[in-house]
Amino acid sequence: MSALDQIAVRVETADRFAHNALPVLHEVRHALRRLVEAGESTVIDLHSMPFGPGDEEDLLAALGTGEVAAQLQALGESRVTETIYPGVWIVDHYNTHGQRIAFQIEVTPVPSVLVAHADDMADGLQRLEAALADPAEPECRPASNELRSQHG
Amino acid sequence: MSSLTLERGLYDFKAAIDAPIASFFSSCVHCGLCAEACLFYVETGDPKYTPIRKLEPLRRVWEQEYTILGRIKKAVGLSKPVTDDELEEWKELLYASCTMCGRCSQVCPVGNDIAYMVKKAREGMVSSGHAPPALVGAATRAVKIGSPMGVKWPAVQNQIKHVEADTGLKIPVDVQGAEYMPLLSSMEIINFPEYLGALAKIFKQAGITWTLASKAFEATNAGHQIGSSDIERELVVRVVDEAERLGVKFVIGPECGHAFNAIRWDGPELIGRPYKFRVLHIIELLEQLRAQGRLKVDSKVTERLTFHDPCNMARKSGIVNEQRNLLNMVATEFVDMPDNGIHNWCCGGGGGANSMEEYEHLRLKAFGRKRWQLESVQPELLVTACANCRLTMEEGLEHYKMEIPIAGLTEMIAEHLKEDESAA
Amino acid sequence: MDFLLWVRGPAFNIAVAIFVIGVLARLFEILVLGRKSLYSEPKGAQMGPGVAEIFKRSVPLPDIVKRGAVTLVGGYIFHIGLFITIFLFVPHIEFIHSVFGVRWPGLPNPVVDAVTVITMVALIVLLVHRIRQPVKRMLSTSEDYLTWLVTFLPILTGWLAYHRIVNPYPLVLGLHILSVEVLMVVLPFTKLMHTFTVFISRWYNGAIYGRRGVQS
Amino acid sequence: MVDSITLGESLRRQGVSRRGFMKFCAATASMMALPPSMVPAIAASLEKARRPSVIWLSFQECTGCTESLTRSHAPTVEGLIFDFISLDYHHTLQVAAGDQAEAAREAAMHENAGKYIVVVDGSIPGPGSNPGYSTIAGISNYDMLMETVKGAAAVVAVGTCAAYGGLPKADPNPTGAVAIQSVVRDKPVVNVPGCPPIPTVITGVLAHFLTFGKLPELDALGRPMAFYGQSIHDRCYRRPFYDKGLFAGTFDDEGARKGWCLYRLGCKGPMTYNACATAKWNLGTSWPVESGHGCLGCSEPNFWDAGGFYQALSIPTSNVTRTATAAVAAGAAIGIAAGLANRAKKASAAKQHKTVTVDQLGEG
């Protein structure tokens, strides 16, 4: 939504954390405590947060950028970034048109979406074996992850 | 069959209800604070003495006759009519346990003048035949004999002789064109005869002309107490006729609360015109004389004394500072009781209550208020300016074995008048 | 929602009509009765002391403060509380502005909220007092309890609506407005009429005693 | 037409990895306003889900709902959902026209009897009103609706017109418009009100049906709790200003610039239940309150008649001033009449008064 992003919006608020960024940070704090003490993971859906102008920026600025950043290409791009608080991850999913479809904070050692799935690994093994057995076709990749929407 | 009927009473209730009363009843929120201002409730703790409840029959007549919803309720038979039995029950509440002292009127948060309404309600009590016998007797004697205690002019003449002998002063009677015409109360004539002598001495010192009226010496008004405007008017007219015939400039109300109230405030309303003379309370006159330097004392009372403000004089006529100025002139140690002035507690015998002997126990119980007030200041002498208060308090003090003598203010001043002052 | 529209629309009109007609009719019905002409020589004025009494009467005598503490303190709290909740809550000010075209600053909602709770507590204390104190119990009729209820309900429903305790919100807001409408309908025909007649009564009281020169 | 294959199979055929499927499930959960903890359950359900047939009926409507759904959001994950439903009839979107279009509808009804979903936007002239106000292919809206829903598994009323009558039903309602739920009584009806509804809410409801094979939990007005469970006011980021008593008084004052509460400017947020404050519009860019305009209350029944959009919620919808003026006159007239009657009664009572004498007193 590059066109919309170009509209200059000046947020006039007296204080930082005027709206709902601070409660989310506290929710993250509680989740991290649960992870540290009980090993329990949490996913916070930021789409369900009643954010006002500037809230998302405030939240992301407060969480910062940590050591790990990962990029996925599955049904569009996804960005997974560790914050300056290890175990607290920003998971940002986009569709093939670059539109955000999910935006989450995961409080977990490794976000589930990064972990390779058993089915996919088995499938991959199959494909690797097939490729080695038939050197004529070394690359046998899934057809495409560019799905077009077709209505009707 | 008596000619006084419930029907006549209800007509009088209806006729009595005016805009203030309609507003008062509309405003009452049943908060019960009037009870806390009433000496009968405060001393007995019996909620039936709550002032506004004493007006329940009048209130129902107002509701049924003068409110939109009440008329509808009456038309469909939803309201309880006022009955003879009920009025009989209310006799105690409207007479024996109410002195119309007006303290409740002063306390009511919405501003209801409850005493005003009690006075109006008594009208219907009289015409429906529910007035107390003691007051009926007093009214009858007042109308037929000339005085509620049965005092006739010869008795007064007798007093005059004694006073003239004691003081060496002439008591003027029926003098045309005199400036002042003092009235006497029966009680003063019988129980406190010093009053007449005191007047003579004071008037001589002040150098003013005055006269008694042989046909209108009596100030008390049993019609006022029983609440019958017809009788009250008849008694007022006697005074007015004589005062206007003699052409006096001032009629002087005596040290008697209701008598002053009747002649000062009720009278012109009852006869439907202003007087051709002015009415002053004796204390108002004395204060005027004092302020003009025409009233001087050469000695002072040295006992620690306090003053009981009669309701009709202070709360109802605004005479408060006058007696204090006079007291400070004539006494060295004047102390006020708690709740004094317009907030004073009634003696318990006003409004005719004192004449109802069958309720003496209630009156004595209610006197507890005065006892508390007196005990708070421990006076050696109690001064007042109302013969009826004085009598009631004497009974109360005796009952509670409190040895505090009571004096009338006018006599006290007369006793200490500067003797050698000659007439101006 | 239909209910809310009804209470905000037709029902409100009906309530306003009954309220205005009722109050005016009652005031006229009282005032037209009039007073006898007074001929006694006045010792003071009527108008000034009458007007003064409207204000002075709000200050109780010291001995009554002691004796009638619950009634007085409770009464003060809930009357002031009613004033604040009715006239200093922003949504109410908007309503008043829409009808009368005047507006004034409101109080922050948490303040009004606290006042509302205090007001309700005061009203409950006064109800208990009415039931238990002998004088008030004797004076009380069904009307006293009815008027208590119709006074209490708007405060309670308003508070519930503000805190959104009852769902859905349009229902509780509708109940709040309906309870106010009930109050408006009941007011002219019960002791709640003292809202208006208190000024008349206090004036008469002040005038009667002012004329007699009593300095209260 | 409905495919026999499941969604899981379909995705895999298109080469979507398991990771991609989980991402799709996370997005679907977010869209359905379900907690992230539901993702595994959603994945399990979606794996087995089959394409349902959808028949979309448009009656007295402005096409805003369809616009909302198609224009602003396609192609997104909702678009993906549409790949997995079979939209067999939608006269704005379908290629077919005339008899062919109606034939498609009838075919879908016939082939998927008892299993298809009917989506309706727009109100219909009620059974009692002139059917000529709105017809399609010569069939009255009422008849077409009743015929189509007969074999439906569920009915989704999209938009406030379909859900509650909306604008066509606004006073004086010339066409006798009624809501779908007032005529369809024997089928589950889910209302997705809004003018228009939030696109993700429309697709969220369809996704829910697709995922779980049943309609979501509804509130008293037939709306999915997941989206309409909380009011705009409760989820509004400007709520703290309401609580502090900080209100914008005009659209250009200091309060408006500082983003204070819009209650005084007529915001209907407190009585409006919708997901705008969280789902937002235009791909989460903003929503009315965030853009500085109060909520109109468009997802509530009769919102069009619920008072001026710029009048605070506490302001009555009726003309109080006129009523009060009339009442003043009436009250004064009744009062003076009652007062004069009182006066006459008092005067006659006074006339009845017979002088009390002490002789009479003595009798008693």
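Quick notes
Order of writing sets the chain letters: A, B, C and D. Residues in each chain are counted from 1.
Basically, contacts are C-beta pairs under 8 Å (C-beta built on N, C-alpha and C of every residue); 3 or more make two chains touch, one makes a residue touch a chain.
On a predicted model such as this, the values are computed, not experimentally measured, just so you know.
Between the interfaces B-C and B-D, more contacting C-beta pairs are found at B-C.
Chain centres here are Cα means. That of chain B falls 37 Å from that of chain C. Separation between the centroids of chain B and chain D, computed from CA atoms only, is 76 Å. Chain A and chain C, compared by their mean Cα positions, are separated by 59 Å. Chain A and chain B have Cα centroids lying 94 Å from one another.
Counting only residues that touch two or more partner chains, chain B has 17-18, 22, 66, 68.
The residues of chain D that reach two or more other chains are 334, 338, 342, 346, listed in rising order.
Residue positions of chain C with contacts to 2 or more other chains are 25-26, 29-34.
Interchain contacts give a graph that is no line, ring or star and is not complete, per the touch definition above.
On chain D, the positions that touch chain A within their shared complex are 14-20, 22-24, 26-27, 29-31, 33, 35-37, 39, 70, 74-77, 79-80, 82-83, 87, 90, 93-95, 235-238, 240, 257-259, 277-279, 282-285, 290. On the chain B side of its complex with chain D, the touching residues are 2-4, 8, 11-15, 17-18, 22, 65-66, 68, 126-127, 129, 131, 136, 139-140, 143-144, 228, 230-231. By the touch criterion given at the top, residues 1, 4, 11-14, 18-20, 43-45, 47-53, 55, 72, 74-75, 78, 93, 95-97, 99-104, 112-113, 116-117, 119-120, 142-145, 147-152 of chain A touch chain D in their complex. Across the complex, chain C meets chain D through its residues 1-2, 4-5, 8-10, 12-13, 16-34, 90-92, 94-95, 98-99, 106-111, 164, 168-170, 173.
In the complex of the two chains, the chain C residues touching chain B come out as 25-26, 29-41, 43-44, 53-54, 57-58, 60-61, 63-64, 67-68, 71-72, 75, 130, 133-141, 144, 189, 191, 193-194, 197-198, 200-206, 208-209, 212-216.
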